[in-house]
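Chain naming follows the written order as A, B, C, D, E and F, and within any one chain the residues start at number 1.
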Amino acid sequence: MKIVNWLLLISFGALLIYASLGLPNRGDGDAVMHREKSPAGSWGASSYYIRNAYRDAETLNMVTVILADYRGYDTLGEETVILTAGLICYLVLRKRRTNRDDKKPLKAGADAQT
Amino acid sequence: MYWEIEALLFVFLIITALISLYIKDLLAAVVTLSAFSFISALIYTVMGAIDVGFTEAVVGAGVTGIFFVVLIFQTSRRSGD
Amino acid sequence: MLHNSPALVPLLLLSTAISIPVLAIKKAKVAYPLAMAASLLSVVISCYNVFRVWGNGPLTYHFGGWFPPIGIEYVLDPLSSFIAVVVNVVAFFVLWHSSGIQGREIPGKSVPYYALTLLFLCGANGIIVTGDLFNLYVFLEIFSLSMYGLIGIGEKQAPVAAFRYLIMGTIGASFYLLGLGFLYIVTGSLNMADVRNILPLVYGNPAVAAALSFMVIGMGIKMAIFPLHGWLPDAYTYAPSTSSALIAPIGTKVAAYVIIRVLFFVFGVKFVSQSLPITDLIAWLAAIGILYGSVLAMAQKELKRMLAYSSIAQIGYIGLGIGLANPLGYIGAVLHILNHAFMKGTLFLVAANLRKRFGHSDISRFDASYRKKLPWSMAAFTLAALSMIGLPPTAGFFSKWYLALGAIDKGNWVFLAVILISSLLNAVYFFRILEKVYLAPPPAPAAGENLSPDGEKRKGSLIGEEEYSLMMPVVILSFSLLLIGLWNANIVKEVIQRIIPLGM
Amino acid sequence: MTSPEIYSSTIPLYAVLVSLIAAPLIMLSSRHAILREFWTLAASIIKFSLVFMLLPGALAGRIAAFTFWEISPGISLALKADQFGVFFALIASGLWILTSIYSIGYVRGLKERKQTRYFASFAVCLSATIGVAFAANLLTFVFFYEILTIATYPLVIHKETKIAISAGRKYLVYTLTAGALLIAATAWTYRIAGTLDFRAGGLFGDASFSPAAITALFLLFIGGVGVKAAVMPLHSWLPAAMVAPTPVSALLHAVAVVKSGVFGVVRVVGFVFGPALMHQFGLNIFLATVAGVTIILASLLAFQQDNLKQRLAYSTVGHLSYIVLGAALLSPASLTGGLLHIANHATMKITLFFCAGAIYVRHHKEKISELDGIGRVMPWTMGAFTVGAVGLAGIPPISGFVSKWQLGLGSLQAGEALPLAILVLSGLLNAGYFAPIIYRAFLKTPPVPYEHGEASYAMVIPLLITALLSLLLGLNPDLFFHFYRLAAAVSGSILGGIVP
Amino acid sequence: MTDFIFGHYVYWSIIALLIIGLYGMIFKNNLAKKLIGMTIFQVSIIMFYVASAVKWSATVPVLDPVTGVVDAAKYISPLQHCLMLTAIVVGVATSGVAFSLAIVIYRHYKTLDESVLMERMKSS
Amino acid sequence: MRKHKYNPIILMVSRVVSPFIMIFGLYVIFHGHYSPGGGFQGGTLLAAALLLIRLAAGFDIAQIQFKRILGTPLGSIGVLIYFGTGFLAMISGGEFLNYGFLPFAGFTEAGLRALGILMVEIGVGLAVMAILVAIYDDLLEGYPHD
């Protein structure tokens, strides 16, 4: 089992290294993702944001504009995620009034036998 | 962009990551993990992602650290590995 | 308002979920009606969406008024609208059923439970209709987190199962995110349609292959395709019955849908089946998984655990259909998503009924008295079991039929044999239960029981069971298996054939 | 070559539905035995009349067809009452009436439990059988075939004893495997031919095959339908299933289930592959070999059985292969003979089973060695038994002779002598294993005097009718139902594409 | 070649971090250690995105109101930053859920060690 | 924890520092338009301030500041503010979250969008604060606090 896990880990690393060879040099302003137009001719999202963030929302911080406006729905989802986490903690951790079997090892033992 | 700082920070980052995984005292591991988060926040900032760095500093070094400590107080401090 | 209909279902579920903790702060009783109302409305709206899509072709919806690739887009094509209906309908029945059983299994926590359930559904719907790869990740997290929660509140072992699932699931989601990172770096876009257009220009890049692998592995973990299924049996077994009845039909199917979406609608059929033959890999793994799941299901002593292993096998069918990468296999996979949702929903609901009535679902303790006490549930179980085996005219037959046709089209006899053998294995483990439920004499038969069987047994057997809310969803779900089977040609022609991916 | 006139009619649909509707009615009236039996009888009579209404049309070459809807793109769920279908449906539904009467006597005589389930499953079985008979394409055929499998299961395990349950398991293993093979074969056929509609003379048209592929496909098909037809390596479920109540054995294992199997074989040979393909790839030789071996071996095995029903079961295995042999020889007379044997064997074997059941109900005797002198207290029953046994051995003037004659003629037509030899030999063997029973029944004196006489009228009358029927059909095969004309027409359409 | 290495060494360091994190998640027995590994894994994915956003000779994505936008190349791509803000929150939420589950596990089984846990699960 | 008292120095320092962190958190939320920061960071800072008091002064005293039962509902309200902003835009005729359609007079479209972003950030801040505190409280559930 351990060996399989090691192999998985190694292949994971190898795949990553292999993939990284295809990436453009870091910081290269001409990389596909930084271009004004994508190879297929659609808008390059990133440069669109840089150009139009202030014009669209009168806000200097582009990240805020993207976060709350351009991709606001993602942020709503993100809030929902954290709300979900809160609900789960409530659900999982709050003690139930009726269920106290962790204080009654005898009963748990009886359950285990059946 | 100062790539020398970046490289140095990366070395620290990897070291803290390894320490926090290998140290047996969980509380120490968590403290190291906070340091890890903080260093990564610095790297984000160096890379120009101030927002992300800010968040990581607040969350990773702050809130997650506190949660981890609570976890350890609720459970046990020793770890087998 | 109506032009907003593509977005309405997730938003409705989301808003109900987040208002339940506020509205129900004083009266916990309102949580259930609210959840039911939201679920019912979501069924209605998603049906409406399907008809709109049939009438007008694919619908898109742009959040914030930003067109892609700038903003986030929702896309309702025949496939996504169809899957959304399936998910919502099954969820509605499970929620209906949960009223009778939730109070017993998770006492005093109906508010967060129903809120979480709705969030789960919201996540599922969001994943299904989204046209944006990162938005998919966000909703995937909502979906998975609520799934961890729903599993974790079960029996004593449930938190362990949920924790393991959390670790696996996080790896899966992170892999998806990592793959998406590579994909974004080489394409510069997050919108599915946009990426689809850009990708052919950069196919040679190793990063694309890696992105594909990571996304598929990540989703494969969520889908529990064969070697990545480790979390599933424990999670389904130890989760509360209502949760497992919700998660088993929906959880893995949504991930399967994402794989279909990513493979065929983002990367393109030709790339995934020829340039980088990942579909072959999926098909072979799925075939192994089918056999593995079926064999292990035969060895299980506990009903829910058996159903969990059978889920692995059934997911294998979907994987096989995807992996065949031809139209018939695709039809089989999508149809099996529908069928399996209904079948597993029925079976897990019956398991829940058993647990409610008898306090256990241990196969070795089943006997004929169970059928007398739960006649309708057992009838539903029988029907669903026949469908799982794949006997005509139930729904299960037809997905296997299309898969078999697809396997023949591909000329792969091994897959055909796997499909056939696995239905026999299914028959073995389901008839084992049916035999017990219908034939095994109760351990200590009452003296007069056998002498006047007809009079005793029939008394009130039309109602027979304790509560309508526990019986009706099961009966309706199982009966619809017959209807789906008989009218599957319409589903295939009207829905699935409309959106067979280009190049298949 | 005139193509048959096809007209749309709902009669085939109703014929299938009648007993399907009767099943819930039977279940609802579970507390009233009389009402339950009334439904059964009413359904059987209505079903028979409906099928009978189709007979004139079929004789005149007019085929009633009914199409439900598309069940899968390009394939409809469709019923078509062609001559072959009407032929089989007539036998099945006609014998259902007699079996129903007999069953009522049987279950009352034994005070069986769960009669509701029994009659309801019976009704569903008959629906499925008629569905199999009228199926217009392979998928519909598979549909009803599988329903038949499932509906028979409760009948096989009816006694709910350990043996019954294990027999049920065996039955399921065999038939479900067969179903899976049949589904695979169907799917493959659909991908090759693009259609699944049965067509006399083969549905493949001019598709080209490699020998390996077509052999594999044929094997899949034979594996699929051969299990129910109890071809030799696949037969062992049939003797095991004899634990079922006798009427079940009688109807299902002499009429409905096994005959669906051989019906399927003929459908596959004549309407899916067609004579041309069979000859071209030598598939008929293979099938004939299997059938011949089965005939001989089954007859030999029948000698060993002391249990009456087991002996009858092995005899069934052998006789089913007569039909398969007839289909495999693919000459006009052999086909006609094979088809006729479906009808003749049904009437004769059902007589024998009825007799076995009557003996069991009245005297609780199952073993042949216990039957000494029983003919003296049950003269009518054993008389009928003698008629059936003599017929199966192929001695005129009982109907078995007619079909054997035709089969023999057919083997000569096909230019083969070996099948004829097999037929003669098996006739002798048949006589050999039936003779001791008759001898014991009539000529030996009982060690202990029997306490009872004949069984109830509800049991004796049906078996006398079937015995009489065997006799009459032997004298004139065209009597009442025109079995001969139908069989000849079917064989003509398969071989020449000519529909009279 | 130097350019290539210079342009990729950050990715490679991140890959090292990813492997460390995944190692922690797979190999560590203690549940808390697994969670530490998970945190490392998530942070390194975030770092991967942020690293890919870099442009040399560009500045942080907060607009200088004086100059305005003349050239998109003047600012670091903000999209990845925004995505990663979301990812961080998701990570915190996941950790929160994981902590709560770990605490419940400890309540039931009095251990966080996975191998011990498995034994106790089987015996109970 | 009933046995040992809380360290008075730590309590003192926390009581002094906590309001400043809160103010900083509010600043971060409202100033997210112009400088790095925003709802999430600000909310986390607010939560940190609350957690500081909880850590230093103990659970019961901290209840005066922020009741434990408020956690989940307040978080829900935070998300509802976000949702409501989007929904308001939707029923005013635009798409969901299309702030340009917000029904407030006297703004340009870009101004409306800036306003919408602000509203959203407030909701985010509230939600994050409340839920992080709630998670902390839940994690401490069952711990023998005084």
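Criterion: a contact is a pair of C-beta atoms (placed from the backbone, for glycine too) under 8 Å apart; a residue touches a chain by one contact, two chains touch by 3 or more.
What you see is a predicted model, and the numbers here were worked out from it, not measured in a lab.
Asker: More C-beta contacts across B-F or across B-E?
Answerer: Pair with the higher count of C-beta contacts: B-E.
Asker: Report back the single chain whose CA centre is most distant from the CA centre of chain F.
Answerer: Between chain F and the rest, the longest centre separation is with D.
Asker: Average the C-alpha coordinates of each chain, average all protein C-alpha coordinates together, and give the chain whose average is closest to the overall one.
Answerer: C
Asker: Whole-Å distance, chain C centre to chain D centre, using C-alpha means?
Answerer: Roughly 43 Å separates the two chain centres.
Asker: Can you check how far apart chain B and chain D are, centre to centre, with Cα atoms defining each centre and the answer in Å?
Answerer: Averaging C-alpha atoms per chain gives centres 78 Å apart.
Asker: Find the geometric centre of each of chain A and chain E from their Cα atoms only, then give the gap between the two centres in Å, rounded to an integer.
Answerer: Computed value for the inter-centroid distance: 9 Å.
Asker: Please report how many Å separate the Cα centroid of chain C from that of chain E, as a whole number.
Answerer: Spacing between the chain centres: roughly 29 Å.
Asker: In chain E, what residues contact two or more other chains?
Answerer: 6, 10, 18, 22-23, 51-52, 54, 56-58, 60-62, 79-83, 85-86, 89-90, 92-94, 96-97, 99-104, 107-108, 124
Asker: Can you list the chain B residues in contact with two or more other chains?
Answerer: Expected reply: 1, 50-51, 55, 59, 63, 67, 70-71, 74.
Asker: For chain A, give me the residues that contact two or more of the other chains.
Answerer: Residues 16, 20-21, 23-24, 27, 33-34, 45-46, 49, 60-61, 63-64, 67, 69, 71-78, 80-90, 92-94, 108.
Asker: Of all residues in chain A, which touch chain F in the complex?
Answerer: Result: residues 55-61, 63-65, 67-69, 72-73, 75-76, 78-80, 82-83, 85-87, 89-90, 93-95 of chain A touch chain F.
Asker: Report the residues of chain E in contact with chain A in the complex, numbered from low to high.
Answerer: Residue list for chain E touching chain A: 3-4, 6-8, 10-12, 15, 18-19, 22-23, 26-27, 51-52, 54-58, 61-63, 65, 68-69, 72-75, 77-79, 81-83, 85-86, 89-90, 92-94, 96-97, 100-101, 103-104, 107-108, 123-124.
Asker: Would you tell me which residues of chain C are touching chain D in their complex?
Answerer: Within the complex, chain C contacts chain D at residues 386, 389-393, 397-398, 400-402, 404-405, 408-409, 416, 420-421, 423-424, 427, 431, 435, 439, 450, 453-455, 458, 486-490, 492-493, 497.
Asker: How about chain F: which of its residues touch chain A in the complex?
Answerer: These residues of chain F touch chain A: 32-40, 71-72, 75-76, 78-79, 82-83, 86, 96-97, 99, 108, 110-111, 113-114, 116-117, 120-121, 123-124, 127-128, 130-132, 134-135, 138-139, 141-142.
Asker: Using the touch definition from the top, list the residues of chain F that touch chain B in their complex.
Answerer: Those residues of chain F that touch chain B are 36-38, 40-41, 44-45, 47-48, 51, 55, 132, 135-136, 139-140, 142-143.
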